[in-house]
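Working notes for the structure below.
Per-chain residue numbering starts at 1, and chain names A, B, C and D are given in the order in which the chains are listed.
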Amino acid sequence: MFRIQRENLPGLYAAIAAESDLFLPVKAAGKTNYALWSPECQPDLDTLKTVKSPKDVFFPQSENLYTCQRDAGKLSVTPEKHRDTPFVVLGMKACDVRAVAVLDKVFLSAPVDTYYAARREMGTIVSLACGKPEASCFCGTFGIDCAAPEGDVATWLTEDFLYWNPQSEKGTALTGKLTALLEPCGEETVAREKDGIHAICQRLPLKELSLSNWGAEAARKNFDSPIWEELYHPCLACGTCTFVCPTCQCYDIKDFDTGSGVQRYRCWDSCMYSDFTMMAAGNNRTSQMQRFRQRFMHKLAYFPANYDGMFSCVGCGRCVDKCPSHLNIVKVIKAFEKEGK
Amino acid sequence: MPVNENWKPTIVAFCCNWCSYAGADLAGSSRLSYPADVKIIKVPCSCRVNPMFILRAFEKGADGVILCGCHPGDCHYSTGNYYARRRMTLLFSMLDYLGVESGRTRVEWVSAAEGVKFSETMNSFVEKVHGLGPCVRLGDLRCKK
Amino acid sequence: MQEMIQRAKALLESGQVSRVLGWKKGETEFDVEPAFFDTAESLDGLFYNAFCGANLSKYLIEAGKKEGKTLVFLKPCDSYSYNQLLREHRVEREKAYIIGIGCKGKLTVNKIPFDGILSVQGADYPDYSENLTVETLYGTKHISYKEAMLERCHVCKGKEHVVYDELLGESQDTVDAERFAQVTALEAMAPEERFAFFQAELSKCIRCNACRNVCPACSCRKCVFDSTAFDSAQKANTTSFEEKMFHVIRAFHVAGRCTDCGECSRVCPQGIPLHLFNRKFIKDINTIYGDYQAGADLESKAPLTSFRTDDAEPGVGRG
Amino acid sequence: MRRIGVFVCHCGSNIAATVDVKKVVELALREPGVVHAEDYPYMCSEAGQSRIAQAIREKQLDGLVVCSCSPRMHEATFRKCAEKNGLNPYLVEIANIREHCSWIHKNMEEATQKAAILMRAAVAKVHLNAPLQAGTSKVTKRALVIGGGIAGIQTALDIAEAGFPVDIVEKEPSIGGRMSQLDKTFPTLDCSACILTPKMVDAASHENITLFTYSEVEKVSGFVGNFTVDIRKKARYVDMDKCTGCGVCQEKCPSKKSLNEFNRGLNTRSAIYTPFAQAIPNVPVIDATACIKMKTGKCGICEKFCQAGAIDYTQKDAIITREYGAIVVATGFDTIPLDKYGEYAYNESKDVITSLELERIMNAAGPTKGHLERLSDGKAPKEIVFIQCVGSRCSDRRGKPYCSKICCMYTAKHAMLIRDKYPDTKVTVFYIDVRTPGKNFDEFYRRAVEDYGVNYIKGQVGKVAPQPDGSLLVQGVDLLENKQILKKADMVVLATAIEPNKDVRKIATMLTASIDTNNFLTEAHPKLRPVESPTAGVFLSGVCQGPKDIPETVAQAGAAAVKVIGLLAKDSLTTNPCTAKSDELRCNGCSQCANVCPYGAISYETKLINDHGVREERRIAVVNSALCQGCGACTVTCPSGAMDLQGFSNRQIIAEVDAICR
């Protein structure tokens, strides 16, 4: 266990950034999102939830796959090169770290998504315990301990110190580069911090949330439930929930006409969009109810069915905070819970 | 910003078929020169020009876009340029509001008989845009990491 | 609220309407969602408080395709949106029974700057309290009603409904700011400053399309940004350009049709003040072509589908 | 992928001198879809076209790009060529590398580069061109002639002779126009009335000609072959069917103080009047502003004396709506106002007159019964000074930049006539240049100088100063002698510039026909289409298009008539297929497009739509392609992009933009 004084954090950032790219929560125009550190930027470790999850550090909202260029009648195709320089992402909360595990299931199981794999390999995750859990948090439901986040390094932020604990080789390696700034210390404060956090978690309004009606077997059971019909109406079919979600991993592949060629890129897609998986023949989901159902069935039933019980929700609660119509996965879970009784 | 003298701006000129395109023709047959940076796109009427075309031009690297149509009252379709005038008034005002240099967009009414005006207009517009240098703001308005 | 429920029940039972569109309460006072009710019993769940900011008018496009009339509760500003939809033939008047409900200014939890908010007292309707009491995980806090109020309510168009079948409940004036003050302030800045401001704001956009999908003026069956004709994608794009184009073009497409209901700004997950685009157009239209309020009536000529032979030349209204 | 052929024209050296055509060909071959490219000295020539034909056959081309002169010049040519060879004409695009490139750029490299880009844009567009089929619209076999002067009359007669009905709308009470105000005509000196009146009679009596005198065009809608026109027949207060034209009313009318417009206000007329003796129709009108009965309700003398009982004070303006296939503008001219020319003392002295006023003075029916008199004191002028180019060829804002063309000749005519009738009257002419191009013109002028001893002085007059003794002191310069000249004159005649009739702007706007900076109507092509307006179905006759003398006017009138006849001879016209089209899957039915359509071409219908499996009734826009003229206003108003314009589609224009900007 190490620690560094809060006021020295800029030094720490600079030191990390000297070695590799550093992504961390940055406040800009009033909102905090993960961004590349720069001396001018305004890091913000105190805001619990960034609007967007750190997902795009590993899986960018949009990225080039390759570029076709036509020159003097010749056509050249240049694949985008994989990430080959290391980077650090600092400040990831326990739920977001777990979300990466969910993404791994999708992108690292065959066929491996090489773009993603490269980023995972180059990236070092420095997680941060949730000092002040929010009312919309329910990571506990998925067995996540927001007081003891996973990650290559776990950190805790107190009044005056950032506590730093390497948990992997990558973590140890990174710590090694920072010994000048980090002073060794005992575990007590962090232990106290953890207890504090756990105490708060006991008071979270969603702590009782139960998944009893969900999991692989729910795929059949809940599909035809009339509840969906009651739930979906307010849905605007926007992509907010999907785009702030740390685990949503659907993407679309499109071509962008550069005038002298084509950029083939992929970008996040949302199953809430009317043209999601649109095919020549039309759309396999023609109503918003079906799209709405798809999103939650995917997270709570299909995904567990495909990946030995793992849910593709981590309870970060971003959708709970952000849905313009106040629809969210919690309401869905509860609606079916009532049904269950 | 300091502008490199040799730098050549890319300029798109939308000209209505009935007045301004003919005006450009007259400028041509009268040998009234203007910079080759200006490339003309023929549209039936100034009211055919969609703001998306203009933004698209900037997106693809244009440094200035000018729209020429019949003088108000002389529109071949009688009312087209009146609508175009309102649309462009609002669009240009918005671009200016976003902090994009207002000199990069212009509307001129050029009749089929105004070859001189056409070439003068193009000369002054190119000069203006050249002074502003390459158009970067519209592209940077939404910067991404 | 009780009289809303009674009236709705009466109309539903009498068969005058086939369903009711209102709000229902979720976990908390600030967790309210638009909801359809089609039975008298279910109507006990009808809820209305200061957090019912959602503009229900757009839901009537879909509701209009169903059998029978839909009873809808519209706030004064929502009625403008409905009128505009009526004008554009997107809804049919006879398919809706409109109860104009009072409004005392709507709140948004996003403007309550406390962590771990559990509940908010003082947001009930019609009771109106100067101050809100906020229970949080980290203690009880207080904030004035006005501080938590939506931007649009500070510049409210007025508390008169422009279309309704009957009125219910009283309203309260909430205007305490000049409608175009923000726009004017921006106009006064140097172009560089304006650019910096919009760059910072627009850079937050995640292309979730919430602004578009909630917007009653953006009622296109298929948005031009899903169109192949312009090859402009509704989703994120490799060049940043088009995504910015999205906001400019969207504003342009609703220019002269936008009632300034402020839903775009309300729903933006990144808190981008999107109304500043629409309001700039509204301000320009008012100053250049004469005052115009979209949705105020069904007859007046819309600014972009009409003209005067002596209109100002492009270039006015800009620096 | 299209198989596109690119054809680069040298246009002799017009293009090839500044554009490296070989280079353009080479670059064209690099463009996607271009399977053939070649250059040729004259693509528009027989030989050039046959090369295109050959390429279409051998390379199975399904798209053509011709890099040449303006499409306004030869687009039609190449489209026909394509059609002849089995290719839809709308698969042809022109890259204008002459007017828009080679003619305006000096630097070869620059010009070549630009030409290549214009070619590229055209190729990009052709890729997206759709084969379009032109529809047809009926032709109303009747023509409208606006203006009843010699131009209008001649045009009407020629059309009528060909067997088509013609209406003449004349705003004055009688047809005849300016020519009827002239005394004699150059260079033959025959009397104007003598040659005009028979034509007026012919027009009036022709079975195919309908006269609407004392009438004005109020509103014009429609398009070539299908115009609908509202004509306002101003109240004459005299029943045209009853009136016998006896003229008693005019003698008896007690109100005789109104200025006589026909005599340029040099004398007065009665309130009920026919402008001149040979007026057609020979039916008087009552000038309501002067008529005592109309103003006070008392009088009614004319009514008492009218045997035919034709007087009707209660008559109202009537609007007549008629359909036409073609419209000829023959609105003629007027002399410019001279207020800005104080130095000539026109407003101060009655003896400073315009040439047109002199025509009236010389005319037997004029204010002086044809005697050359000073209007101030009725004395015969002994010394007359003519001043040329008053307001013509004028560099400053006061006058007109152009040459009024007729002044040199009529001045020579006036001088000659005066010297002939009044040998002891001296005539001096101040001129800038004497312009006498035209058959027997220069001979005529020389006769004036040599046989009649008219004194021509090259130089402008600076001032005309009325003297206490009633004479006029003319201060001028003699540029040849290079000396100041002071001349005492009894009368000064100003060769006043002519300008298009002031109503022409209003009419041009109604017809959407374009007008130049001097208010002359613009022709479709200055050389090749001089009597057609750029607006299909609208033709130009007489001075409304530019200054002309009578023979030229008559010639052009005939030419315009031929064009009209050619049009009316057709039973139907092929309509422009570049019309708007609504995508019913995208249409919101919001009606915004209909609000901006100037032709009322958009209507709405409720239709069962199958949108990718979702079936529902929707209100959608439908375009009537016969009415749509293809302006595209609707396409931009449509927020969803459902409305698109064939031939100028969103994707086509964007492709051009991309090609230019890349």
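The rule is simple: a contact is a pair of C-beta atoms (placed from the backbone, for glycine too) under 8 Å apart; a residue touches a chain by one contact, two chains touch by 3 or more.
Note that the structure is predicted; figures quoted are calculated from it, not measured.
Here B-D and A-D are compared, and the pair linked by more C-beta contacts is B-D.
Chain closest to the overall centre, judged by the mean of its C-alpha atoms against the mean of all protein C-alpha atoms: B. Remark: subunit B and subunit D have CA centroids separated by 30 Å (rounded to whole angstrom).
For the pair subunit A and subunit D, the distance between C-alpha centroids works out to 72 Å.
Separation between the centroids of subunit B and subunit C, computed from CA atoms only, is 36 Å. Here the CA centre of subunit C is 54 Å from the CA centre of subunit D. In subunit C, the residues touching two or more other chains are 203, 222, 224, 230-231, 239, 304-305. Contact of a single residue of subunit A with at least two other chains is seen at positions 257, 259. Multi-chain contact residues of subunit D (touching two or more other chains) are listed as 596, 637, 650, 654, 658, 661-662.
Within the complex, the subunit D residues that touch subunit C are 585-592, 595-596, 604, 611, 616, 618-619, 637, 639-641, 644, 649-651, 654.
Interface of subunit B with subunit C (complex): residues 51-52, 55-56, 58-59, 72-73, 79, 82-83, 85-102, 105-107, 137-144. Those residues of subunit A that touch subunit C in the complex are listed here as 28-31, 33, 48, 51-52, 61-64, 132-135, 200, 203-205, 233-234, 236-240, 242-244, 252, 254, 256-257, 263, 265, 267-270, 273-275, 322, 324-327, 330-331.
Remark: subunit B residues 10, 12, 18-19, 21-22, 24-25, 27-29, 31-34, 36, 39-45, 47-53, 56-57, 60-62, 70, 73-80, 83, 87, 111-114, 119 touch subunit D in the complex. Contact residues on subunit C toward subunit A in their complex (touch as defined above): 26-27, 31-36, 54, 59, 115-118, 136-138, 200-201, 203-204, 206-210, 212-214, 222, 226, 231, 233-239, 266-267, 269-272.
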